[in-house]
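Each in C-alpha cells, the structures are laid out below.
What follows is a pair of complexes built around subunit A, which joins subunit B in one and subunit C in the other.
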Partner chain A sequence: MFKLELDRVTKRYPARGMHRGSILSVDQVSLQIHQNQSIALVGESGSGKTTIARLVTRLERPSSGLIRVNQQRLEDHSGLPRLVQMIFQDPFSSLNPHYPIGYSLERPAELLHRISRREAAARAAEALTLVGLTPAENYLDKHAHQLSGGQRQRVNIARALVARPQLIVADEPTSMLDVSVGLGILNLLLDLKERSEISYLFITHNLAAARYVSERIVVLYRGIVVEDGPSFDVINHPLHPYTQLLVESTPDAHKALPRITVPDAQEMVGASDAGCPFRARCPHRRAQCEEPVALQQREKREVRCVLYDH
Partner chain B sequence: MPTPCLRVVGLSVDYPGSAGKVYHAVQNVSFTVHHGEIFGIAGESGCGKSSLAHAIVRLLKPSATVASGHVYLDDLDLMTLNEAMMRSVRWEKVAIVPQSAMNNLSPVLRIGAQIVDAIVAHESTSRNRALDRARELLRRVGLAPELVASYPHQLSGGMRQRAVIAMALALNPQLLVMDEPTTALDVVVQAGIMHQIKQVQREFGFSVLVITHDLPLLMQVADRVGIMYAGSFVEIVPSPVMLEHPRHPYSRALMQAFPPLLGPSRRAPSIEGTPPDLSIALKGCSFAARCPEAVAMCGVKAPVAMSPGQDQLVVCHRWEEPSRV
Partner chain C sequence: MAVSRREPKGLNLVGQCWQWKLRYVPGSKGTMGLAIVGFFALMALLATWIVPYSPHQANFTAWQPPTWGHWLGTDDYGQDVLSQLIVGAQASLVVGVLAGLLSGLIGVTVGITAGYKGGATDEILMRLVDFLLVIPTLALMIVVSAFIPSSGQTTEIMVIGGLSWLWMARVVRSQVMSERRRGYVDAARVLGVSDREIMFREILPNVVPVIVANMTLIITVSILVQASLNFLGIGSPTAISWGSMLSLAFADNAIDQGAWWWTIPPGLCLTLLAYGFSLIGHAILQGYAQSREQ
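Entry: the complex of A and B
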C-alpha cells in the first residue's frame, strides 16, 4: 500500500535582497497521503504550497523534518520518479518545444523503466488515450505549439502517467486554463483516480476546486498548517478563523457577497515570530496568540488555534 | 422605470489577422446599462470582453476597427465625438479600469500625485485641493488617506488595485468600466474590494460595467449579467434568473463549469470542443458545434435575439423549451 508522510517538515530559504536571516516557507508541516487518496493543499499566495510540492518531488530538500515514502526516507529512495510525478501550473512552458509529443512521453518511460523503444511507444500511446487525446497517433508527431492549453496540460498528465506513478503532485494544474478546459482536466484527474489506485497532492488556491477533487483539505497559512480535515467538514464547518475567512470569501453564486473588511496583507506582523501568523487579521485575537499554538486533534480534524486549545 | 445610462447598439469590432483574414472579435452587440445598475459580463478567454469594453470607451488598439455600431452615454453618441471631446468624456462621464491596471501605475510618482494629475487635467482646481480630493477618494475605497504619499511598489497588489479604482472615480463618472478588476488577487482581498465597490456604488449611484471570467463572483456582484460567447451575448438576465433559470445551453454549461463551494458535490460535465474561428462567418449558432442540445436547425440557421422579459436577452432556437438538463 502506498503511503507518503511528511513529519514536521520545515523549509527555510535565505532571505533575498537586503533582508537578513531566512524565510520560513514551510514550518513544521505534517501530513499523510494514503493510496488512492486525494489531498488538497489550499492557501493564499506565498503560503508554501509549491514549496511542499518541490519537497515531495525532491526538487528541494527539507531544512529539517522527514519525508517518508512507503516507510522509506525520501532521500534514500532510488526510484522516486517511478512513484511520484509532478504536473506544473504552466502548460505552455513545461513541454520542450523542440521535441514531438511522442518523444516527450517515450523518453522518460524508456529511462525510468528500462524498456524498449517499442514498449515505450506503446505506453506513450496508451497514456495519450487515457488523457483523452485520441486517436493517439494524431498527437505523437505534434509539437507543443500546435496544441491548445488544455491539450498541453493533458500531455503533461500523460507524461506523468507513463512513469506509472503512485502519486501525482498537481500544482495549480488549471489556473492558467479557461474554466471549461480546466473542468475537463479536473474531471480527467477524477476519472484516473476512479480507474486506478493513484493518489494526488492537489494544489490550488480555489477551495471549491479543492473539494471537487479531494477528500481532504489541508489549509496553509504562511507555511503553517492551520486546519486539516475532510473536505465537507472543512468547508461547511471551518474551525480556524482563517479557514472561515477563506470560505466566506470564496465566490459562490448561491451566497450573497460577503462584507469583508480585513486589513490588507501588507499591514501584517512579521512572519518570523513564534505566535499565530494569522493574529494580525484575526477577529478573535487574544494574549495567548502571541505564543506558539499546537495543532489540536478533533476527531477526524486538526486545527491550530487557541480557540480550540482546552 | 429604470433609465439607460449606457446604450450600445449593433457594435462590432474587427482585428486584422494573418493572410488577409479579419477577426470579428465583437459581433453586432447591443445592450443597455441602467443608471445605478451593476452590469456584469462573463465569458471565456477570447470571447471579446475586453474588446467590447475598450470599444465603448474608444480605447481600442490602433489595429482594431469599429466596423459598426453606436455607443450612447445618455444621449451623447460617443462614436461621433472627435478625439479631444472624447478625452474629456473619458474620466468625466465614463472611466475605465483596464485589465491589470494595478501594474500600470507609474513607479516614479506617488499615488497622490497620479490622482492629482488626473484631476487637474480635467478641472481647473489647485493641486492642493486636488490632493485633498485624492485623500477622500482613497478613503472611499477603503485605503488610508495617508497613502497619497506612497509609491506603488510600497503597496500590495490589492492596495494598488484599490488606488486605481479610486483614481477612476476621481471625476465622478456616471459609468465605471472595470475589466477583470480582481483577477490576479487573493480571494479574500477580492471579496473585500468587491464589497467596497458595491458600497461606493450604492452611495454615489453611478453605473458599473464589470467584466470577469469568474461567473460565481459576477453573480454575487452584478444586478444583471450578460454571457458572451464568440463575440456576442448569448444571454442577458438578472443574476437571480441566471441562478435559477439559465436559458442558454452555454450559460448552463458555464455555470456548471465552476464547482460549487457548498451543497451536494457532484460531477459536472465538461464542455467538449473549442470556440469557433472568429474569422469565418458561421451559418448557424456559434455554439452549435459544442452544444449538447443542438438540433439540425442550429447548424444552419442563426438564432435571433429574443427577449423573454424586460431587459433580458436570449439567443437560442430552443429558448422557450423548458430546461432540458
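Entry: the complex of A and C
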C-alpha cells in the first residue's frame, strides 16, 4: 500500500538581493497521503503550496524534517519517479518545444521501465488514449505548439501516467485554462483515480476545485497549516478565520452577494515572528495571537487558532 | 506561425532549401550573407580547377597591372595574384570555420554546464572566463603561436579556437539559465532524467539558434584574427592566405609602387567574407527572435 508522509517539514530559501537571512516558505508541515486518497493543498500565492509539491517530487530538498515514501526516506528512494509524478501549472512551457509529443511520452517510459522503443511507443499511445486524445497516432507526431492549452495539459497528464505512478502531484493544473476546459481536466483526474487507485496531492487556490477532486483539504497560510479536515466540513463549516475568508470570497454565480471586504495585509508579519501569521488580517485578533498556537484536534479536523484553544 | 504549415509534397530540393533558408536565415540580409559565403566556399572548393596558373609559379614579369593574361596582375615575385587569391580563400575558410567550431564546442560545453549546474560550478567556470576575457587575446595568440614550433593551420585553428570561446560560453550560459526555469526541465527531473541528458538532450536543442548565430560571429572574428596573425608573419610561412598576401605586399612596398591590384583584392575578400558571415549571424538571431515572439 502506498503511503507518503511529511514529518515536520521545513523549507527555507536564502533571501536574495538586499535582504538578509532566509525566507521561510514551508514551516513544520506534517501530512499523510494514503493509497487512492486525494488531498488538496489550498492557499494564496506564497503560502508554500508549490514548495511542498516541489519537495515531494524531490525538485527541492527540505531544510529540516523528514519525507517518507512507503516507510523509506525520500532522499534515498531510487525508484521515486516510478512512484511520484507531477503535473505542472503551465501547460505551455512544460513540454519541450523541440520534440514531438511522442518523444515526451516515450522517453520516460523507456527510461523508467527499461523497455524497448516499440513497447514505449505502445505505452505512449495507451496513455494518450487514457487522457482522451484519440486517435493517439494523430498526436504522437505533433509538437506542443500545435495543440491547445487543454490538450497540452492532457499530454502532461499522459506523461505522468506513462511512469505508472502511485501518486500524482498536480500543481494548479487548471489555473491557466478556461474554466470549462479546466473542468474537463478535473473530471479526467477523477476518472483516473477511480480506475487505477492513484493518489493525488492537488494544489490549488480554488476552493471549489479542491472540493471537487479531493476528500481532504489542507489550508496553508504563510507556510503553516492553519486548517485540515474532510473537504465537506472545511467548506461548509470553516473553523479558521482565514478559511472563513476564503470560503466567503468564493463567488457564487447564483446569488447576488453583499460586497465582501477583504482585510489588507498591510501590517506584514515577519517570518521569524512566532505569533499567528494571519493576525494582521484577522477580525478576531486578540492578545494571545502574538504567541505561537498549536494545531488543535477537533473530531476529524485540525485547526490552528486561539478561538478553539481550550 | 507561417512556417508550421505543411509544405506540399513533391517540392523539389531547391524549394526545400529555400523554405529552410526562409525559416532559419530570413530576410535580405540572410540572402546576401549566404550568397557571399556561398561564393567564397565555391571558390575554395573548386580552387584547384579554376586557378588560371599555379599560385606558386613565379616566372611572370613582376609588378604587372591587370591584363587579359593576368586579371589581377602579378606581384613582385612574378606570381599571378588572382591564382593566389583563389587559393587563399581555402585558408581563410578552413581556419575560420574550424576555429569557430572548436570554440563553439568548448564554449557550449562550458556555458551549458555553468548555466545548468549553477552554484559553485558556475562560479568557478565564470571566474575563469572573466580572467581570460581581460587578457588581450591577440597578444596572447601571438605569444602562444611563437612558442609552438610547427606553425601550420592546425596550430592556427587550436590557438584561435582555444581562445575565442569565452563569449560563446557567456551567451550560452545566460540562455541556459532562462531555459532551466521552464517547466519541461522540471518535468524531466521529476522523471529521473540524468543531468547530462537534460543538458544536452533537453536544453541544447532549444538554444541551437543562439549557438549557430554566435558561431557565425566567432567565424567572422576567427577569419580576421587569422589574417592578422598571418599579416604579422605568424603562421605557416609557405601557405597562401589573404593575410600572408597582404603581409608580403606590405613588406615589399606594394603601396608605394602603386600596385593596388596586389593589396585591394585580398583586403576586399577578407572584408566581404567576414561581412557575409556576420550577416548570416544577424539574420539567424533575427529569425530566432521572431519565432520566440510567436
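The criterion applied here is as follows: the second predicted complex is superposed on the first by the 300 of 310 C-alpha atoms of A that agree within 3 Å, B and C clash if a C-alpha of one lies under 4 Å from a C-alpha of the other, contacts with A are read in each partner's own complex, and residues count from 1 in each chain.
Basically, a contact is a pair of C-beta atoms (placed from the backbone, for glycine too) under 8 Å apart; a residue touches a chain by one contact, two chains touch by 3 or more.
What you see is a predicted model; the values in this text were computed from it and never measured.
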{"item": "Overlay on subunit A: subunit C relative to subunit B, clash or fit", "value": "fit"}
{"item": "Partner chain in contact with A:111 - subunit B first, subunit C second, else both or neither", "value": "second"}
{"item": "Touching partner for A:178 - first (subunit B), second (subunit C), both, neither", "value": "first"}
{"item": "Subunit B versus subunit C as contact partner of A:190, first or second or both or neither", "value": "first"}
{"item": "Partner chain(s) touched by A:200 [first = subunit B, second = subunit C, both, neither]", "value": "neither"}
{"item": "Which superposed partner A:139 touches (first subunit B, second subunit C, both, neither)", "value": "neither"}
{"item": "First (subunit B), second (subunit C), both or neither touched by A:221", "value": "neither"}
{"item": "Residue contacts with subunit A in the superposition, subunit B compared against subunit C", "value": "B"}
{"item": "Angle, in degrees and to the nearest 10, that opens at subunit A between the C-alpha centres of subunit B and subunit C", "value": "80"}
{"item": "Contacts of A:252 with subunit B and subunit C, given as first, second, both or neither", "value": "first"}
{"item": "Subunit B versus subunit C as contact partner of A:88, first or second or both or neither", "value": "second"}
{"item": "Minimum distance between Cα atoms of subunit B and subunit C in the superposition (Å)", "value": "8"}
{"item": "Those residues of subunit A which subunit B touches in one complex and subunit C touches in the other", "value": "none"}
{"item": "Touching residues on subunit A, where the partner in the complex is subunit B", "value": "44-45, 148, 178-180, 182-184, 186-187, 190, 205-209, 211-212, 231-232, 235-236, 245-262, 264-266"}
{"item": "Residues of subunit B that touch subunit A when the two form their complex", "value": "44-45, 142, 155-156, 158-159, 186-192, 194-196, 198, 213-217, 219-221, 239, 242-243, 253-263, 265, 267-268, 270-272, 274"}
{"item": "Subunit C-facing residues of subunit A, complex", "value": "57-59, 80-81, 84-86, 88-90, 93-99, 104, 107-108, 111-112, 145-146, 156, 159, 163"}
{"item": "Footprint of subunit A on subunit C - complex, ascending", "value": "1, 4, 182-184, 186-193, 202, 205-206"}
